[in-house]
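Notes to accompany the following structure.
Chains: A, B and C, in written order; residue numbering restarts at 1 for each.
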Amino acid sequence: MRIVLFITCYNDTLFPRTGQSVVRVLERLGHTVEFPIEQTCCGQMHFNTGYRREAYPLAKRSVEIFSNAEAVCIPSSSCVAMMREYYPALARENEDAEMATAVAQLLPRIFEFSELLVDRLEVTDVGAYFPHRVTYHASCHGLRSLHLGDKPLQLLRAVRGLELVPLEGLEQCCGFGGTFAVKNADVSAAMLTEKTRAVLNTRAEVCTACDNSCLMHMQGMLHRQFAGVRTLHIAEILAGTEDTPA
Amino acid sequence: MSAAGRSSRERVLERIRKANFGAARLQEPIPRAYEGAGSDRGHAQSAEVVALFEERLHDYDARVFHVHQDEIAAKAAEILKAADRRRIAVPAGLSATWRADGVEWIADHELSADALNAVDGVMTAATLGIAVSGSIVLQHGPTEGRRVLTLLPDYHLCVVGAAQVVETLPEAFARIDPTRPVTFFSGPSATADIEMTRIKGVHGPRFLDVLLVDVLLAQD
Amino acid sequence: MSLVQIEPGGHSSRILDPKTAPPFPDAAKTDLRDTQLRRNVVRATDTIQGKRAALVAEKSDWQALRDAGAAIRREALANLDRYLLEFEQRFQAAGGTVHWAASAAEANRIVLQILQREAASEIIKIKSMTTAEIGLNEYLAQHGVAAHETDLAELILQLGGDQPSHIVVPALHKNRQQVREIFARTMGLPDLSDDPEALTAAARQYLREKFLRVKTAICGANFLIAETGGITIVESEGNGRMCLTLPETLIAIVGIEKVIPRFADLEVLLQTLPRSATGERMNPYNSIWSGVVPGDGPKKMHVVLLDNGRSRVLRDAIGRQTLQCIRCGACQNACPVYRQTGGHAYGSVYAGPIGAILTPQLEDMRHAQSLPYASSLCGACYEVCPVKINIPEVLVHLRSRVVDRGRRKLASFFDQERAGMMAMAAVFANHRRYGAAQRLARIGQRTIHHGEAWYHWLPGMAGRWTETRDLAPLPQQTFREWWHQRGRS
């Protein structure tokens, strides 16, 4: 089928390899990926920081850009949560009936990446090979807003060569929280320290998740500490094969 | 009430009305899909419910003794003498047939706080038992006594009929008289305020014994 | 300027006043360095959370109870005037007196007037967040009335000159040695051990003397019942029952939002409150009564209904759900931010997630503006709230209220964050502008940075990141550039 990719602003700029991996996986599964060039940002950063007025036009244009898609793939659970939880409210608050209708029609067709694979495409084995010891962190939006449950784990368990180890406290927030990481840098670092300790205790080489925001945060401290652990978005693990290692 | 007080009342009410203007005045029924909702009084008791009640009482370190209705006095006296609790306060309306010899029964005719502080314990009937939480409910009628009676003494011997035990809180609320005072007891008083170490018996009785009467209890 | 006193042992005791408290990041910075506090907070919150989780798991109707509880609280708020009037009528018919206080100051005055009429120079108190909110103890002390706290935790705090740091376990930041030191000094017990049993026994004895002597008591209430004019007190220690049966006069100070419509509504809330607050199926004692009970308990019963900003919270369509709160503290136990800082950093008697939304709203957003930002929006609080307050939704909404207040000020034009946000909004509005901004950022990076090495230091706000975390450099090619290069369009 034709899958439209909403890469999200921060993946576009900071984690292009995640987007490339999504494309690789979906094409490997025989689907066509489209990328509407007009896309920019879902508006979450502005919305969450209190610039609700500025988030509205960003949300509106995002809805318009993807309105014709049969399925939209969004490799970021926080952005999916933004759309599901707050796009209807934004339309209502701005008395935008047209947007409200468009949102209602779009929402059933947007999917976070692991949701797309497991729920929409009904596949858990995407033919991946990743011979490393891996632990999985449950991003807060994926866990509590999207109720991803163990979909990401189902995908990881099907990866050849991958040794999956459980992360203690996997449901506890890593401390990123968008601008929180900077506005409350000390508390954010304290939260991250606890998360880092849990990751190191797994003796995993790689820590993965469905959100690069968390992974960027976690990698920041792991890198600072020369811990010998790297983070990798789940799409990049799933894109890996024997011929094209992740 | 002073004039200033009256105007505060009006001011607060007006603020509330203004704030709620346009807010949906909820006439929708409350969704009550929880267990036991809509209970009526006529729910049959089961042995499992009574057994659960006893189990939960044991969790609180309460002792439970099973008796027939005509054994209450003898059993009570036996327990009290064994614990060397000889001076026992009772509500004035507690049945005389429950008070055996060998114990000094002090009927509560407006006993002073100091007098209540000095007795060895108190014995009362009860209104309800709630199995899930191991709770005993008193409504402070003539056989249960005023509230301070089951507060100051360090020991409480409570007579609960098996037919008075319900399983869930909604079933209990179907039976509680909302026009009378109510006290729920669920284990001895406790605190976890010091390093989260649970200490039992801060104020209120530290020791609870329950006489579980296995016949329908006639109202005295 | 908030007063900070350093106690022996290096622990500070602050006045928790949102009007003067330092912003959350500043207060947190200090408390994060208190290793004792952090250890205590983690232990306390882990303990209650574990017990709560076990009890929730055994209750297959837990979500149904949450739905009912949320609906009951919403209904009460939507019809608040009616239910308060019904309560007032029933309570007074039962021999009680109802007073209405529009503000904290007025509530304090009303209480003092009652005490002066009773010629009471001392009172005993049950723990009440509401009385802490209005600063009752301090006000009474200024007017010659001594208020003796009788909850063990509040006793510890009062004798130690400290402030609560948790709704349900207010003294969780204290360890046994600290408690022993406080009791030994103030109760004159130099040989007291630090065993919690011994400490509790000392408190029991110290307080019993007061219970038997003091004729006037002050309390809060967990719920007011409109249908019956009832007051509900939920407690563990028994000091509540002491205060509401032994004295001759009892004064309850209760927020107007505490009213519930029907007596039977308690069958829901008394299932969810104890499990959420202390991880028990039921707390030791619940007392429900109305007005004066003849021959049983106080002969004079007063309720002071307190507004103090609550009616204003009600006006906010999104914020009003804050008033559904039943003060269980589960949100604090679940919060990963509170876990690191404890309660004092929030600068208010209401701390943690509920404090972050309640305190600034009670202050009409004039104070405590840093609190809505004291959250990573993880949603753990919403997940555990027994009355389904969508705390993240309110947090985000309050942030927009803070920003909107700032828009009207001249200073906002010089604000770094606002400038950045406005610039980003313009960039995101147009994909060509966005692509250009991406390229510009890369060009800018080349002037200060070479190669693949990560940033260990950045200037300005970004520097707060690099204090503790590295940052990868911008990749050489964005996704859309890669896509374009691939030849798709």
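By definition in this document, contacts are C-beta pairs under 8 Å (C-beta built on N, C-alpha and C of every residue); 3 or more make two chains touch, one makes a residue touch a chain.
Note that the coordinates shown come from a computational prediction; the quantities given were computed from them, not determined experimentally.
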Where subunit B and subunit C overlap in contact partners, by chain label: none
Chain closest to the middle [Cα centroid of all protein chains]: C
Maximum centroid distance from subunit B, chain identifier (CA atoms): A
Chain pair with the most C-beta contacts: B-C
Geometric centre distance via CA averages, subunit C-subunit A, whole Å: 32
Gap in Å, rounded to a whole number, between the CA centres of subunit B and subunit A: 53
Overlap residues in subunit A, where contacts from two or more other chains coincide: none
Subunit C, residues touching no fewer than two other chains: none
Interface residues, subunit C side, partner subunit B - complex: 40, 43-44, 47-48, 60-61, 64-65, 67-68, 71-72, 74-75, 77-81, 84-85, 99-102, 106, 110, 151-153, 156, 169-172, 174-176, 179, 196-197, 199-200, 203-204, 207-208, 211-212, 225, 227-228, 230, 236-239, 241-242, 244-246, 256, 263-268, 270-271, 278, 280-290, 293, 295-297, 305, 307, 311-312, 314-315, 317, 320
Interface residues, subunit C side, partner subunit A - complex: 24-25, 28-29, 32, 336-337, 339-341, 372-380, 382-383, 393, 396-404, 417, 421-422, 424-425, 427-431, 434, 438, 441, 454, 456, 461-462, 464-465, 467-472, 474-475, 477-484, 488-489
Residues on subunit B engaged by subunit C in the complex (per definition of touch): 1, 5, 8-9, 11-13, 15-20, 23-26, 28, 30-37, 56, 110, 113-114, 117, 130, 132-135, 140, 146-148, 151, 169-170, 172-174, 176, 178-179, 181-197, 199, 201-204
In the complex with subunit C, residue positions of subunit A that touch it: 7, 9, 11-17, 19-20, 34-35, 37-41, 43, 45-54, 57-58, 61, 85-86, 140-141, 143-145, 171-173, 175-192, 194, 216-217, 219-221, 223-224
